[in-house]
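Paired with chain B in one complex and with chain C in the other, chain A is shared by the two complexes that follow.
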Partner chain A sequence: MATTTAAITLTSDLLSDALSVSTTTTCMKAGTIADGLTQMDTGYIEIATGDVYDILDATALNLDKANKVYICNESTDETYFVEVTVKAEVIGSLYAGDWMFIPWGAESATSDIGLEAKTGTNKITYTLFHEGRTLTAS
Partner chain B sequence: MATTTATITIASTDLLSDELALTSSATLTTAGTATGVTQASGLSRKTTSAASAAVIQANVLYRAGDYTAEKANKVYIKNTSTTAAEFYTVTIDQEPIGRLYAGDWMFMPWIATSGTKETFVVSATGTVAAGDSWDFDGVTTVSADATLNNFAAAVNAKTYPNWTTAVSSAAVTFTARYAGAAGVVTGTTAITGDTVTDLADSNFTMPITSGAAGTRSESDITIRPSVHTDMTYECMLIHE
Partner chain C sequence: MATTATITLSSDIMSTYGSGYNKTMTMTKAGTVTDLEETTGFSRRKLAATTAVDLITMADAQLLVETAATGAAKVFVQNVGDGKGTVDKSTFVTISIGDTGGTPQPIGRLYGGDWLLMPVTGNDNKDVVATPSTNDAVVLEYVMFFEI
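On to the complex of A and B.
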């Protein structure tokens, strides 16, 4: 079994006392505690203003699994950002330097994860940790 | 300026033939600037449960109408369960994003696109007498005298569970606290659920002089537990 851990640390001085939140999860297959995710896809793309892409296609994934998606906007110009969509539903804007890490159920074949560059040519890295996909014969 | 930092580390020594070690750190800033975000709804923790599996309900974590849309908001959610099969389904609008299994966490940007709030204007009209009343949203206002403007001011002074108000002379404007097509405003001059009591039979009325129906929010964040027994989540919103 592969063991993949994802840890987050949130720190801030925006409150009157220090904020510090840390947690780690081991990325497991759905409903298991001893069977880690064993497959991953990764990529790097540049998306220019106005371009709309599905970077992760739900079609071939098994539905309702414990997939995890990491996306980072590696741009450095603070005005650059992309909108992130799941099944064409905008969930949020990823600005230069921002990252996100979400579960992705791929609830239906059209639950693709997409990006639309709103400003600038955004440099995007992404990684999908998953339980396997249905491969298409060549 | 507040400095808020979110750091992720993804690591594996055996997923690939070589070690995987990914670390990214983001300083959370307001949209399109280098200025740090300054507001947060603090880390909260809640246990969900229901009487049976058949009556499990989704919980609203954050309502888009409470926040400014299209900003650099960030949401953190964790399922603290230790039972492997227990998960929360995280949904934005009507679209399921994914399942947070036991111990899993997520961190994502949030667009917070709201709908529109229902609104209507009601005007104290006719001849009001002490003891006349108007009831709406479970709140009853009783007139203390025979002055219409005073009655409107009294209506405005009440606290309504689902509405905010503003007053101008004898007219009170009601605005729903949350966006949605709640069905209270049924037309430009009609609402449901209000009751006038005209004790002196003096033609005291509270007609609706204008109104507009609302539309549902498009990005409220909800989570639905997979089981009806106790499950606990933690969450935090960092916003503008």
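On to the complex of A and C.
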């Protein structure tokens, strides 16, 4: 079985006692306990101010699956950021140095994950772990 | 006052992925190097119906302060199973952004043990919504860090 794991350690001293959460999950195919995700796409792009891209296209993906997405804004200028959208709905902003890790159900062919650079030329790395897609014949 | 999150990704799907990926971020206010100063605190909620519920309501007085609509905010959510030690990888909770009174935009499915960390906006009606796939008990643990 292909094995993909995602671990997080979250710490904060905002509370009166320190918060520390550590957990790991093994990324499985939808609804299974024995089959790990088997395919992945990874990349690096630069997105300049005002540019809007669908960084991950749901069109050819199998729908309603257990895909996982990692996106990081590798920019170092703290004023740089991108807005992240799912199906054109803004969910939040990734500032320089920020990363996100989410499940992506791709519940419809238009549930693309998009980015819009709001300031600066943002350096974005991303990885999609998934169950497969319909490949385009050449 | 700092909040940090470190992710470690590893996979043997692609040999060139090597030993994986490790990244730490310090959560800061929008466009600055100033640390986020507000949090909901760490919370736990048991759900036992397929009804959509607001896990975090941006306009809710329970936050004591209003989230900034143009600020930075991050949410962590984990599906920890039934809360009694059983973690079911075959059932899930759909996490969406929006208002349960409308049509929240699904993000994805948190199967048993799965977690997410994502940015959110502080906009009213951009709540974090959870919808279990079954009527079986499932427990979510979550926290939001934000600015006002």
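The rule is simple: the second predicted complex is superposed on the first by the 138 of 138 C-alpha atoms of A that agree within 3 Å, B and C clash if a C-alpha of one lies under 4 Å from a C-alpha of the other, contacts with A are read in each partner's own complex, and residues count from 1 in each chain.
The rule we apply is simple: a contact is a pair of C-beta atoms (placed from the backbone, for glycine too) under 8 Å apart; a residue touches a chain by one contact, two chains touch by 3 or more.
Predicted, not measured: the structure shown is a model, and the values here were computed from it.
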Chain B and chain C placed together on chain A: clash or fit? clash
### Message
Touch test for A:T59: chain B only (first), chain C only (second), both, or neither?
### Response
neither
Based on the superposed arrangement, let me know which partner A:F101 touches: chain B (first), chain C (second), both, or neither? both
Report task. Please indicate which partner A:V86 is in contact with in the superposed arrangement: first for chain B, second for chain C, both, or neither. Result -> both
Open item on the list: Looking at A:E78, would you say it contacts chain B, chain C, both, or neither? Reply first, second, both or neither.
Closed with: both
In the superposed arrangement, which partner chain does A:A30 touch: chain B (first), chain C (second), both, or neither? both
Superposing both complexes on chain A puts chain B into chain C at one of 151-159, 187-195 or 223-231, namely 223-231
The shared contact residues of chain A with chain B and chain C are 2-15, 19, 21, 23, 25-26, 28, 30-33, 37-38, 40, 64, 66-68, 70, 72, 78-79, 81, 84, 86-87, 89-95, 97-105, 107, 111, 119, 127
Interface with chain A, chain B side, in the complex: residues 2-16, 20, 22, 24, 26-29, 31-34, 36-40, 42-43, 70-74, 76, 78, 84-85, 87, 89-90, 92-111, 113, 219, 236, 238
Per the touch rule above, chain C residues touching chain A in the complex are 1-14, 17, 21, 23, 25-28, 30-33, 36-39, 41-42, 72-74, 76, 78, 89-92, 94-95, 97-98, 105-111, 113-121, 126, 141, 143, 145
Within their complex, chain A touches chain B through residues 2-15, 19, 21, 23, 25-26, 28, 30-33, 36-38, 40, 64-68, 70, 72, 78-79, 81, 83-84, 86-87, 89-95, 97-107, 111, 119, 127
Chain A residues touching chain C in their complex are 2-15, 19, 21, 23, 25-28, 30-33, 37-40, 42, 64, 66-70, 72, 78-79, 81, 84, 86-87, 89-95, 97-105, 107, 111, 119, 127, 129
